[in-house]
Each structure stands twice: as C-alpha cells, then as structure tokens.
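Common to both upcoming complexes is subunit A, partnered first by subunit B, then by subunit C.
Entry: the complex of A and B
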C-alpha cells in the first residue's frame, strides 16, 4: 500500500517534469500550469490509478483516523466521541509498549543483517556462470515459500531436543535449546527465520543493481590503482545507492506488515515476548473486542510507514540524480 | 427453396428449444432447495474436515428442500472472526459451529437466534430438550437463562500415561496418579537424566496462549476453586487461595521436582514428545484420543486429571448456532439441518470418528456406541470424568481477560517471576478489562 503511494508520488513528479518540458519547448507559458495541455494529459494518465488508490487506500486511512477518536464499548449500542482517550489507553497498555519495543528490536535485527547478507550474496554471484546461477536459485528459494508455510516448517526445525537444529547442534556437543518456548530467545528465533526468508529476495535487487554498473567505472578505478576495497567503497556502493535505498524501504515495510510467523509459531508468546505491532492490532480487533484500540494503533503505524516511505523517496530521488 | 428450408428449421428448432427451456425451469423449480451457508472449524485439519463434508453431503442427498454449503473456516478463533466479518458485511452464514466460550459474545452483539424460538415451533420445552445433554454443558450454551446454542463436539482435559514407562519405573499402569501427591511421586520416578540434562520428563502440559488457561482451569477446579463466576460475566477469581495454590503446584512440579520442563511447550510439542518417549505423562484434550490411539507406538493408558480436594475439569468444545439477519426460509432450513446434525445418531458417529465425546446421553444408548465404548476403554474413562466437569471460562471479553493469567502462568513456568508477584497483577489487569461490564451490569455503590 505504502509502496503504491510512493510510486504514485514518484510518477506525479515525473509527469510534472515531462509537462514542464513540453511547455518549455513551446514558445511561451501562456496558461497557468494546472490548465496547460501537458498537465491535463498527465492527470488523465493518472486518473485510473488515483481512483483506486483513493477508494482503497486514502479513504480507509481517513476513516481509520476519524474512528480513532470514538469508542464503542463492546456490547454497547452507542459510539461515543472520546477525543484522545483511545491514544491515552493505548500508551497505558503495557502490551502495546512491549509490542513496539519488540518491533524495534525485530526491525534492527532483521533489516540490517538481511540486507548485508543479501548484498554479500549478490557481490559474490554477480557474474553469471552455470554454477553461480544454480547457487542463486538456491539462495532465492526461501522467497518462493509463503511465510505461513515457512513458519510451519521452522516449527519442526526449532523443535527442542529432536528438531533439525538441535539434532545437529547436539552433534557439536551443544545442549538442546528451547528456541520458541523461552521468552528470552523466541524473538531472536523469529528473526533468524525472517533473515533466512528475506536475504535471497534482497540479493536479487542487488544483483540487478550491480549488473547495471558499467564495466568502465571499474576499469577507470583500476587504472587509478584502486584495490578491491576502494572499488567497493568508491564505485560500487555510491552507484548502488538507489538500489540500496529501495531495498531498505522494502525491508522496513516488511518488518511492519508481515506477522504470519508470529501467528503460526508463537501467538505473540511466551509472555508477549514475540508480539509485534501488527499482531497486537489483530489481537485487539478480533480477539479482545477492542476495536478502538486496534484502530488507534493502526493510525500510529500508518503514520510511521508514511514517514518511512516519504523519507526514503527523498533519498531515492537523490539517487536517481546521481545516476543521470 | 432456401427460405423454405430456413422456415422449416425454425419451425422445428423453436418448439424444441421451448421444450428444453420449460423443462429446465421445471426441473430447477422442483429442486429449488433452500441454499444455506454453514461455517465450521476443526482443531485437527485433514480427516475431521473431510468427515464433516461427508456428513453434510449425506444430509444434502437425504432430502430435497435444503442444500447446505459447508465451508471450513480454520481454527475456532478464525471461525469467530470470519463469522463476525460476514455478519458485519450483512451476509451472515445461516449456521456456524462455534467455540463454546464465545457464544455469549454473539448474544451481546445480538447476532444469533435463541434456540427457544425453534423449540417453540416444534412444541418442545427448553428443559426437556436440554435434559438429554450432559449437565456440564448447559452453562456454556445458555446466556442469562436463555438457550442460544446446541453442543456438538465436546472434550475435557485428560491425563495420558505411557504404560511401558510406568511398568519400567515400578509403577502400576492400570492405576494412573489419582491426586497431586501421587502425581509428584510417580513423576519423580519417571524422570530420566544424563548428567545435568533431563532426557525424559515426568509430565508435560500445553502452555501456549489458547490452551494454557483451559488446562490450568482444571487444576484450579481440582484445588477446590472456581476460576470465574459461572453466573456472571464480569468476575474472575485469579487472586484467590485456590488459584495461587494451583499455580504454586505448577511451579513446584517444574522448579522443585523437575518433573516438568521450564518451557512454554505447545500442544503439538507435548504430543510429539509423548510419542517420542520424552515425557511419560501429558495432559491434553480428550479430543486428542483418536490421534494418540493412532500414533502411540507403545501401550498407553488414560486417567482423570489428578485431584487435590476434588475432581474437576472444564468442558471445551463447540456448539451449533443459528444467525439472525437471514430470511425466514433460510432460518427454517438452518433449523432442519441443525436438528439433523445434533440428533443422537449423528453426534454418536462424529464422536466415534473424532474422539470428542457426544453431548447427548442418548447417543450412548445406541448399540453401535455401546460396542465402541466396550472396545475402547480410554473413551469410557473420558466419559466417566464428565460427572466432574464444569463449564469453560467465558467472560466479558473472554480472550483478553484470559491473557493476564496466561502471561502469569508463563512467567512462573519459565521462572521469570514468582506466584506472589504475578497473581495480583493478573487480577488487576483482568479487573481493569471487566470494568465497563461491571459499570453497566452490576449494582455497585458509589460508582
């Protein structure tokens, strides 16, 4: 959803740019920008996408914001206007605070490692050869497995004592670990699953990005006597900036919008140690009959997602300038 | 010649087409069965889902007035969510099989039809109708004295033991531990260790959120407690001696005696460990009986949940409800289907297939059922325990109110906190959640 909004915004900027070019080619800017032909055409192109975005994205967002100021107590007949009381209740809820904290740990602990690993895979597998293609597909494989199925599989990997992981760790002399049943470990177990699942996906973007970098840059760098590290630092990384920014946004959004594994593996337990914000919203809306709290938490997380999206579009635009 | 041919063609084809159309209308008229939707969950996917579809097919074939479209809707929780969503969208299913402790939520939102409404039409009284159902089931099906649901599949927690381990440890497998003291004695003898590491535990219990409270309610009841107010939705008894005692017993089993692991084991893990011989005893639902019967590669036996001051277990399971907001015809069709599905014969066959016990006493008077019970002694034990069964916790905002005590149990099990620390906190959180209900329904001075 957020990604759609980003795309739309980018498209609008581009259209404006095109429109400006069109009018600049003409003799004079006679009309106000909004009425000129290029602009109307641009809006017409945008209309279908915009219509659906308004219907299914912007309108629900406004509705959710509006609803967050009301409370319909479960079983009661009337909806009451409570101003910011839902927000007060939300921040007074220890479970919400725990979920936010968990989500932060989860974000930092999955986004950075999976991007770094994905980038590492990409670096070593950029050049095509039959062997490398094969490895690439293997590394990409976890992406093809739906998260629900992956979580169901990993339950057996994490099984204490007789699970795959403990079975092989035992051969190394490491005692069995309660991967999902120990409140101090469970969140990290989910993070490992997430990194496993996503690194290959990000690798794909990086490979595409790397293949877009011209060989001449590296030749030039070699002539200047740059070593491997210097090439990476001063050629690859800057030229890869748009890709990295994009992957970073995708990864961050993933963190807030995917909780299938929480539902399948832990139900947010033990003791709320694996509860994430989206699962907290789900629980309050459907299990705890506290729709108002769920709505309010939704408003906050949408705001965070919007902030992430707009912030990173800026960086992405900067990246695009760099490319041209 | 050509035009004549065309006319001839028309004169021939037209009547034929007309006849076909009339026939089609006629046929569809005569089989214009009332189509109704039925949502059902299963706790174990696969075989139970297929069996349910089979029963529905049988009903559809048997008569021409009603066509039931059965939809498998996932777990108990998911079924509740899907049914509520369908109601909000203005297209409720006609019938749903609903977790017994969620019934009152549909009543509070005025979404389901009281069963009295249908009983009146067939000139039955509620008490006559209910008298065939086990007494422990009445409370969960009734809200404020009115019957809203018909029990369909029910279960209680039950103790499963590995008979081979018992014999090997010098214990009598025909006499599973009857009370808490015997449980501790047996448990200690059954543990196996390799150095510091426990390779076999005495007992395992399901500790994940949606299962932990149910088994724990059984221990509270065994300890003489109530757990919640069965007559009033706004009260739970967490900060009581009986609840503290039950939780202290959990703590002792784990941290004092080492009989149970200090881990949040989920039910799948518990049964797998039982089958793998990594635990000698487990307490799970009687609904798991068929699964154990199929998968245990050793001799097993079952027993009552061990008692402290009395025997006591909560009843779990699901009941049939009929929704409001459907047409009169659909409602009649729904009642016809529900009456058929909850007749003694169908309840009996579902029970034999699934391992749940049949909610009607008369199911057990049928010859097939008598034969089955004689063959399966474990099913008979489960049935015997029913006389001590009480209703499943069900309060205002059931799942939310259950969470604080679930968290408390998990904190004690993992050794993060003590009983004294968690109990008052659980009560405080639950009371906070129950406040709106008490404000609206209870007579409290000065509030």
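Entry: the complex of A and C
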C-alpha cells in the first residue's frame, strides 16, 4: 500500500512534468496550469489507476483512521466514540512499546548492513563478464525465494545442535546455541536472515545506478589524480545519491511491512523479543480480538511510513537532477 | 612542458588492429592536431598517451620519461573530453579545483588558484553555479579551467568543440589558440574538422587506418601531400582527380582522348609508370571565355562541359561541372558569367597539378611551383 502511494505520488509528478512540457511547447502560458490541454490529457491518462487507488487504498486508509477513534466491545451492537482513548491504551501497552523498540533495532540493524553489503556487491560486480553474471544471479537468488520459504529454510540452519550453523560451529569447537530460542539472540538471528534476503535485491538497484555513471567521469578523475578511494568518495557516491535514497526508502518500507519470518520462526517470542509492530497488529486483530488497538497501531505505522517516504523522496528529488 | 614521442605504438581490440605502429615526435610547446576519418584511431592514440588504454607494444615518452607503465594520474596530463565530463554535483569552482583538491592542496591556496584561472577564462561570475546551469561554451571553458589549473605538461583535447554551434566554435577555437600560445603547453588536439585543423595547428598529423599518413605544417600538407589520401582529405571542396594514361615519355592521355605534355620535371619522376591520376585543387581550375584561345598552352588541359550547380560563398563561387563522367569542383572569384545548365570552358595547367600513382596512391610529383 505504501509502495502504491509512492508510485502515485511519482506519477503525479510526471503528470506535472508532462503538462509543463506540453505548455512549454505551445507559444504562451496564458492558461492556468490546471485548465490547459496538457493537464486535462494527463489527468485522463491517470484516471483509471487513480480510481482504483482511491477505492482500495485511500478509502480504507481514511476508514481505518476514522475507526481508530471508536471502540466496539466484542459482541456489542454499536461503536462507541472514545476520542483518543485507543491511543492512550496503545501507548500504555508494554507489548506495543517492546514491538516498537524491536522494530527500531531491526530497522537500523538490517537496512544499513543490507544496503552497504548490496552496494559492495554491486561495486565488485558492475562490469559484465560471464563469471560475474553467475555470481550476480547467485546473490540475487535469495530475493526470488518467498520470505516464508526462506524462513523455513533458515529454521534448519538455526536448529540448535544439529542445524547447519551449529554443525559447522561445533567443528570449530563452539558450543551449540539456541539461535531462535534465546531472547537475547532471536531478533538478531531474524536480522541476519533479512540481510541475507535483501542485500542481493538492493545490489540490483546499485548495479543499475553504477552502470548509469559515464565512464568519462572516472577517466577524468584518474587524470586529475584520483585513486580508487577518491573516485568512490568524489564520483561514485555523489552520483549515486538518487539511487541510494530510493533504495533507502524501499528498505525502510520493507522493514515495516514484512513479518512472514516472525510468523514462521518465532511467533514474536521468546518473551516478545522478536515481536515487530506489524506482527503486534496481527496478533491484536486476530488473536486478542482487540480490533480497536490494531486499528490504532495501523494508523500510527502508516503515518510513520508516509512521513518517511515523503521526506525521503523529497530529498531525493531535490538531490539534483543529474542529466547535464 | 615537455616533448612527446611515440615509438612503434601498436594497439588492437580483440583481433582488430586499430593502431598499427605509430612513430611521432611532438616538440615542446607545440600544438599538434590529429585529423583523420572516423574510426582511424585518433581517440585511441590520445587515450594511449593518457594511460586510459594500454598499448600492446611500443613506447611513449613525455619529456625524457618513458610513461608506458606510469599510472594516468602520474603522467601529468590534462584531458578535455568531448562532452567535457564535468561533475554535475560540483559547482564550477569545485570542478576547476578538483585536481588540486585530490593532490591535497589546502583550501586557501586552492581558492586563490581557482580564482586566478577563472578570471583568465572569464568565469569568475559563474563560480558558484553548477554545470547544468551553464551554456555549452561556458561548460567548455570550465573544462579548460580544470585542465589548465594544474599546469600540466601536456593537454589532450578530443574533439572539444564538436558540441558547440558554428559561431561559438570559431570563437572558442581562437581562444584555445591564444591560451595555448600564452601557456606554451604542449597540446594535442583531435578533430574531424579540417578548418579547425588548418587554423589551429602548428603541425597537422593526418591519420588513416591506424597509421600516420603525413606530418607537417598545414600549408605544407595542403600544397605537397604525400599521397592521394592526404590530398583528398584536406581542402574543401576536396581535390579533383582525373585518371590518365601514359602515351609517351612526357605525354598523358585523358579519358576524353585529349593529350597533354608534362613539364620536364614531372615527366622524369614518372619513370615507367603507365597509369596515373592527376589531382587538381578546385581553385586551380579556371573558367575561361570560349574565345580566349591564348590560354591554350602545351602544358594546359582544356575542356568544355555543362554546369550542374553553383554555390555562392560570398566573395567566391563554387561551380560544379564534369570532366567526362566525373564531377569536378571549381572554386573561383571570376566565374566568367557561368550559369547553372550553361556550357563553360575549363582549363588548368599541369604546373599546378599533382600526379599520383594509380596503384598505391603515392604522390609522384611535387607541384612544380612549390618544388
């Protein structure tokens, strides 16, 4: 849903861009932008998609927001208006606070490493060769595996004592660990799985971004006296800024919208140590039947995600159009 | 500043040989222009010197130093790219000062150097702008600034003016020439444009098919090309070729049956060649009045033909006509009333013509006048 919103927002930017182009080609810009032919045409193109987005995305969003101010006891006839009481209840819920904290650790601990690793892969695999294409496909493979399947796979890896990980660690003389059962470790185990799964995906974006940087920028830099590190620092990283911002948003959204592995591997436990916000919402809605609380938590997380994406895309857009 | 020397440089991509043994010496402070048809290896040669490509064999010297195994950044070369390769995320000042920054010059000194360079190039008011906010000519100048600020030993310019419109190109060409005179930095300039080549160069290097065809001052190359390729490549419109058979010791017969006697020195050089091509520059062909029979001398070729097209260049006219089936171009200030479609009488003197061997295209005769 968040991604859809981003798409729509980008599409609307395009509409404006198209319309501007159309008017620029005409002789004068007498007409107010909203009424000229370019705008009308652009909006007509956009209309069908917009209609479905309103029906299935924006209307439910508003509905959820509305619902978060009401309480409906289980079995009761009518909804009761409670103003911000649901929000008060939510913040008083220790499980929710834990889930938020976990989610923050999970976000920082997966987004940054998977982006850095993805970027590293991309750097070493930009030039095409048969060997490198092979490696690329291998690194991209985890992305193709559904998260549920990946989680099932990693249960075997993490299995205490006889799992793949412990099996090899034992050969090094390291004792067996309860990777998913120890509350101090479980969240980090999930994080490693997430990094494994996403780094290859981000690599793909970075490869595309790197291939868009003209060779002559590097050639000019080498003649100006740049070494490997300086080329990375002064040429690659700044020219890759738009790609990085984009990947960053995708990664953040990913962190808040995927909990399949929590469901498959730990069910939020042990002792809530792997509970994430989305799983908390799921639990409240379907296990504890506290729909009001789930609704309220949904509103909050959607707001956070919206804020993140708008902010990031803004900076990304302001961050320089590089065609020169 | 330094001299440059290429010795037997060869380069191939896969099994396609692109540079086929180039020997070339460029003097300290000289401005040398590489010209040649597309794909002849001009850029490749430049990039080899810059270290952006690796040669297969041969050696290159900058000054006394063998640079083959020296990294590009240590060759002390600055290069101006066709699309300038300015960094879009840096301001003009940052772009110009980039090389100094990389070499660890402190901020204050750098700012002063950038300032100096910018005023030299008339860029001072643009220092805080980004490249995309500049016009083509301004970008070109920023690229020049980035090149000259480091005071390198060699400038390499690969078609630096080809993205500019005709007027700006002329202007920048003159600026480059002035700047080079002033800085006295050894410069190699690559171009397709022969006017650029003729006007800029101390010496021109004509390249074809990965080999040096001829090296020399522009006027020298124009007046005494060593082969058919050089003769045909320089000059606009290009030189006219007329096929001829040897029918006597010092007599040639043209396809239309006309015979012409060669001046003695030309006849000697022909030795036992049977077939040649006569090359005659468009400005050496005259349009003569029909009645004017005094022009008929024994070393002169005269024929009449119809005019297919006339182009006026202002003071001069280009008249296109035929010799037999071949189109010939005539450049003249006096078209003697020729009109499109009309019949005119044309003539040129063998004293102004070049003779080329038909088999290998080498030039047999220095033009009598220049010999």
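The criterion applied here is as follows: the second predicted complex is superposed on the first by the 312 of 324 C-alpha atoms of A that agree within 3 Å, B and C clash if a C-alpha of one lies under 4 Å from a C-alpha of the other, contacts with A are read in each partner's own complex, and residues count from 1 in each chain.
The criterion applied here is as follows: a contact is a pair of C-beta atoms (placed from the backbone, for glycine too) under 8 Å apart; a residue touches a chain by one contact, two chains touch by 3 or more.
Given the structure is predicted, the values throughout are model-derived calculations rather than measurements.
Student: Between subunit B and subunit C, positioned on subunit A by superposition, is the outcome a clash or a fit?
Tutor: Overlaying the two structures gives subunit B and subunit C room side by side.
Student: Of the partners subunit B and subunit C, which touch A:223 in the superposed model: first, second, both, neither?
Tutor: It touches subunit C, and subunit B stays clear.
Student: May I ask you to decide whether A:239 touches subunit B, subunit C, both, or neither, giving the answer as first, second, both or neither?
Tutor: Only subunit C is touched by A:239; subunit B is not.
Student: What is the contact status of A:183 with respect to subunit B (first) and subunit C (second): first, second, both, or neither?
Tutor: It touches subunit B, and subunit C stays clear.
Student: Is A:268 touching anything from subunit B or subunit C once the two structures are fitted on A? First, second, both or neither.
Tutor: first
Student: On the A-aligned overlay, A:257 touches which partner chain: subunit B = first, subunit C = second, or both, or neither?
Tutor: The answer is neither, since A:257 touches no partner chain.
Student: Given Cα centres, how many degrees, to the nearest 10, is the angle at subunit A formed with subunit B and subunit C?
Tutor: One gets 150 degrees for this angle.
Student: Comparing subunit C with subunit B, which touches more residues belonging to subunit A?
Tutor: Of the two chains, more subunit A residues are contacted by B.
Student: Which partner chains sit in contact with A:214 here, subunit B, subunit C, both or neither? Use first/second/both/neither.
Tutor: second
Student: Quick one: is A:137 in contact with subunit B, with subunit C, with both, or with neither? Answer first, second, both or neither.
Tutor: Touch status of A:137: no partner.
Student: Examine A:290 and indicate which partner it touches, taking first as subunit B and second as subunit C; both and neither are also allowed.
Tutor: Touch partner of A:290: subunit B, not subunit C.
Student: What does the superposition give for the shortest Cα distance from subunit B to subunit C, in Å?
Tutor: 53
Student: Report, in rising order, the residues of subunit A that make contact with subunit B in one complex and with subunit C in the other.
Tutor: Of subunit A, no residue contacts subunit B in one complex and subunit C in the other.
Student: Could you list, by residue number, the parts of subunit A that touch subunit C in their complex?
Tutor: Residues in contact with subunit C: 214, 216-217, 219-227, 230, 234-235, 238-239, 241, 320-324.
Student: Over in the complex, which subunit C residues touch subunit A? Could you list them?
Tutor: Answer in residue numbers: 50-52, 71-73, 75, 77-79, 81, 83, 85-90, 98-99, 102-103, 130-132, 146, 150.
Student: Can you tell me which positions in subunit A touch subunit B when the two form their complex?
Tutor: 73-76, 155, 159-162, 175-176, 178, 180-183, 266-272, 283, 286-290
Student: Across the complex, what residues on subunit B touch subunit A?
Tutor: Interface residues on the subunit B side: 77, 80-81, 84, 105, 108-109, 197, 207-210, 261, 263-266, 268-269, 272-273, 276, 278, 396-397, 399-400, 403, 406-407, 410-411, 414, 416, 436-437, 440.
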